[in-house]
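Chains: A, B and C, in written order; residue numbering restarts at 1 for each.
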Amino acid sequence: MSAFLELDHVTKTFGSEGLFGGGSVTVAVDDVSLTIDEDESSITTVAGESGSGKTTLARLLLGSHVPNAGKMLYRGKDFTRLTRRERRNFRREIQPIFQDPFESYNPFYKVDHVLDEPIKNFRLASSGSEKQQMIEDALEMVGLVPEETLGRFPHQLSGGQRQRVMVARALLLKPRVILADEPVSMVDASLRATILDSIRRLNRDLGISVIYITHDLTTAYQISDNIMVMYRGTVVEAGTVDAVIPSPQHPYTKLLIESIPQPDPKNRWGSEPPQQNWDTSDLQIAGCRFADRCPAVMDRCHDTKPAQYLINDHQLTACLLHEENGEMSDTDITTTFQTEKETIKAIPANS
Amino acid sequence: MVQPTIEETRLSTEQAIQTYRKGARITDADALVVEDLSVYYETDSGTVKACDDVTFTLKQGERFALVGESGSGKTTLAMALMRLTRPPGHIAKGSVMLNGRDITKLPDDEMRKTRLSELALVPQGAMNSLNPVMRIERQITDGIIDHLEDGDPTPTKADLQETVRDLLTRVGLRPSVGRLFPHELSGGMKQRVAMAIGISLRPKLIIADEPTSALDVVVQRQIMQTLGRLQEGLDASIMLVGHDMGLVAQFADTIGVMYAGKLVEIGPVEEVFSDPKHPYTKLLIGSLPSLQEKREFLGIPGLPPQLIFLPEGCAFEDRCPSRFEKCQAAIPDLINLGGRREVACHLYEEEAKS
Amino acid sequence: MTNSVTSPTPTNKGASGGWNQFNQERVVPIKKYAGRNPSLIVGVVLLFGMLLLVGIGHLIWDTEMFRPLSTPTRLPPTGEHPFGTDTQGRDLLAIAILGTPLTLRIGLIAGIVAIGLGTVAAFLSAYYRGVIDGAIRSVVDVGLAMPALLILILVRINVGRELSTDEMGIAIGLTSWVFPARTIRSQVLVMREQAYVELSRLSGTSGMGIIFKEMMPNLIPYITASLVASVAGAILASIGLEAIGLGNLSDPTLGMTIYWNIQFSSITLGMWWWWVPPLVAIVIVFVSLFLISSGLDEWSNPRLRKRV
């Protein structure tokens, strides 16, 4: 299986060291390796708080950022060395759905613009009527009525509708990978289901791989096959969703899951977790980045940086508690992901 | 390296446990009585009834959550309670009794004094409403100084510094944060500053409008727990406005559900979650994804009505799975089902009569 | 699962066909906006009112009398010469009729040159960043620090001869493009980070495509407002240059009129009819340009909009 896209020990930093040792450097993504294969199509969640690096990871995958260390390989070739044509193909094959359904639209144009542009640029239709047909089909697939959507300005549609048009756009392009960055966090609860459902169908029916970036682990659990949890630039835990969510091994993952507000008044939060320390620059932390907040912290954690340790076939963690499992030789986190597409049985809600 | 909040955390664990002993906290006294409150917007195309005939009571010490999706009228209501409705919106009718006075009838300068001192708002996106060129401490003291009356002694610089230090510690921030500018703080920290400003004059009622939107789960939990602690410390009541049902379940005592400008269901949180009466509430709770089992995504088909084209009957009728003939004809009123349970749905009219 | 919008955006019912539709779709919204943005409308009315008067003046008055020795000298306003005459026998109404549009013309040429150059520089600088940005910014920073009037004086002295109105306009434009360059650059910098720009890039649009298709249309209100501000600034600069004697002696511009006023001590001579009209004209021009500029500001910045 050839790799469509591969991140090989990629690190991305921002900021600069001051002239005399001052200045602050943020290591947004720290030594992450992963592979997106050509043949399989899965939904993978990248979960984390703000500052975790998940958005930077997304930007790296989209080609908007260039790594400071490590390489990104597109079909085996170093991304920074692609020809114009290859880069164009790359653009066609990986598409985003952004978080803010309003900001993604240029207020000067009608919403049609967002659907017309890619068709024109990538020459996906040979005639005007073919283009029109493609657009209408895509809109219908996400549950929108073309007559009531096209010809409108963004402010004339609701947030849910705008986001659905974005999904339709992604559908239109039939990319290999869709990067959905918090696609429903700014949309009403009752509309989220429809949008997430469309995304799930993109994966099931069209075989498009989805990278779902969120901090909402509940929807992540519902929609994805695999998950990677990030904290301050490092992947602290990764694996299939069925392994990680019911049985998280990293203290941070446990904290995330505990903090999810369950809609069950009888099952309430415990005590207040400690806050993140914003002062320390990333470069100054020698050991585990989570040490200052970790309820299970050991003395070693402050000066030894954890590597990746395998828990089982479908789960890995970067926590010194699991050191005896031995460091993983292949740091590609996707080795723990499920490759066979198991059908997720849909249980009707009222059974 | 670890900041004082760890000490705070230890203290707050006890307090956190205490806050869930609701009996001790909620009294029988009324903190806020809202009756028939209506906020209308006059536009060229007609009257938009953003909020219509909203009636409910908030008890002293209670945590009341007002939920609804966009367009439900919940933010309009929160702003109306603070008399911050912007023209062409206006309070068309109704009354809001706070501490024995109807604040909808107060003259502007009286209302200004009431704001912050008796009734405080932590607005949506509060983190964006901090003045970017003012240090935090100054923003906190501004409100305090502004509310000084003629007879009050002028606080000294030391007094103000002490107040700021106290407020910042209460919301879980290091006192040194006072010297910083907003852009130097994270989202969660800015939200805490907004809360500090909100409680600076020890109000008896705090309205928090989506206080944790745009914040992550962990920070969200910390903020909500801090809010709970603050409430304890001030002996105040909280009205939480939002759309996150999970948050409501974790935090609130009583919930009020809004749809298309009307209050459609009220009740104690456990009761409403385990036995929702209004079809909209049922569907809303049903659509919440769980962390326990995987299943189909359930949404609510259709879209909420545009407030300018409200139907003659129930606004939820076209999306309601339990609709019948009466629903199109008449708007349902809030019916009392016993205790604090109320629902605005024709389905329960028979039940209430019995 | 079909989800349809419950009802369409409210349209004006009954407006179909001909004038009715045109009225509803075009005229009514303009009238409504005018109600909410009085400064723009007042400014435009003032400016065009003045131009209209000038136009009528051209038709009914003998503008040749602007030349010296066309009339008896030092006449206060009379029936034959409603604005009076100056010490060199010029009819001052003719001067007013000819001078006002000339001054505006200098402003317009300078404004167009300044905005044209400024916009191009701003876009190149802000969109491509890197070395280009560094280079343009250095030029702009130096330009901002240099006193434009001094440069213009030096240019005029070096050129040796008088500058025609058009040449003056171009010269002023060339010294003032740095101001709009800087402000437009900041706007572009912000716009560059917008999600829709990134989306367009990921849709395969080229750099130039993004500049012209995505960013430019949204900047038109802002650029127009800058243009008006540039015009006003240029008029001021031209009046300044002319008043100190560096203008074109045979042009009856408002600035030159001021110059002659100074040369011939009109105030001491008590010839109020010589200096009042040009001052009034200058005030009207600036007030109207300012009102237009503020009105445009409100239009281009939705946050300042007072409407619902």
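One rule holds for everything that comes next: a contact is a pair of C-beta atoms (placed from the backbone, for glycine too) under 8 Å apart; a residue touches a chain by one contact, two chains touch by 3 or more.
Treat the numbers as computed from the prediction; the structure is a model and nothing was measured.
Between the interfaces A-B and A-C, more contacting C-beta pairs are found at A-B. Farthest from subunit B in terms of Cα centroid separation is C. In terms of their C-alpha centroids, the spacing between subunit B and subunit C amounts to 50 Å. Chain centres here are Cα means. That of subunit A falls 32 Å from that of subunit B.
Separating the CA-averaged centres of subunit A and subunit C is a span of 50 Å.
The residues of subunit C that reach two or more other chains are 1, 3-5, listed in rising order.
Touching of two or more other chains is recorded for residues 299, 303 of subunit B.
In subunit A, 158, 194 are the positions where the chain touches two or more neighbouring chains simultaneously. Only residues 62, 64, 88, 91-92, 95-96, 98, 100, 103-109, 114, 117-118, 121-122, 143-145, 148, 152, 156-158, 161, 194 of subunit A touch subunit C when the two sit together in their complex.
Residue ranges of subunit B in contact with subunit A, taken from their complex: 1-3, 5-6, 8-9, 12-13, 16-17, 20, 69-70, 172, 186-189, 215-222, 224-226, 243-251, 269-270, 273, 283-291, 293-300, 303. Of all residues in subunit C, only 1-5, 8-9, 194-200, 202-205, 214, 217-218 touch subunit A in the complex they form. Per the touch definition, subunit A reaches subunit B in the complex via residues 49-51, 158-160, 188-194, 196-197, 200, 215-219, 221-222, 245, 255-257, 259-266, 268-278, 280, 292, 344-349.
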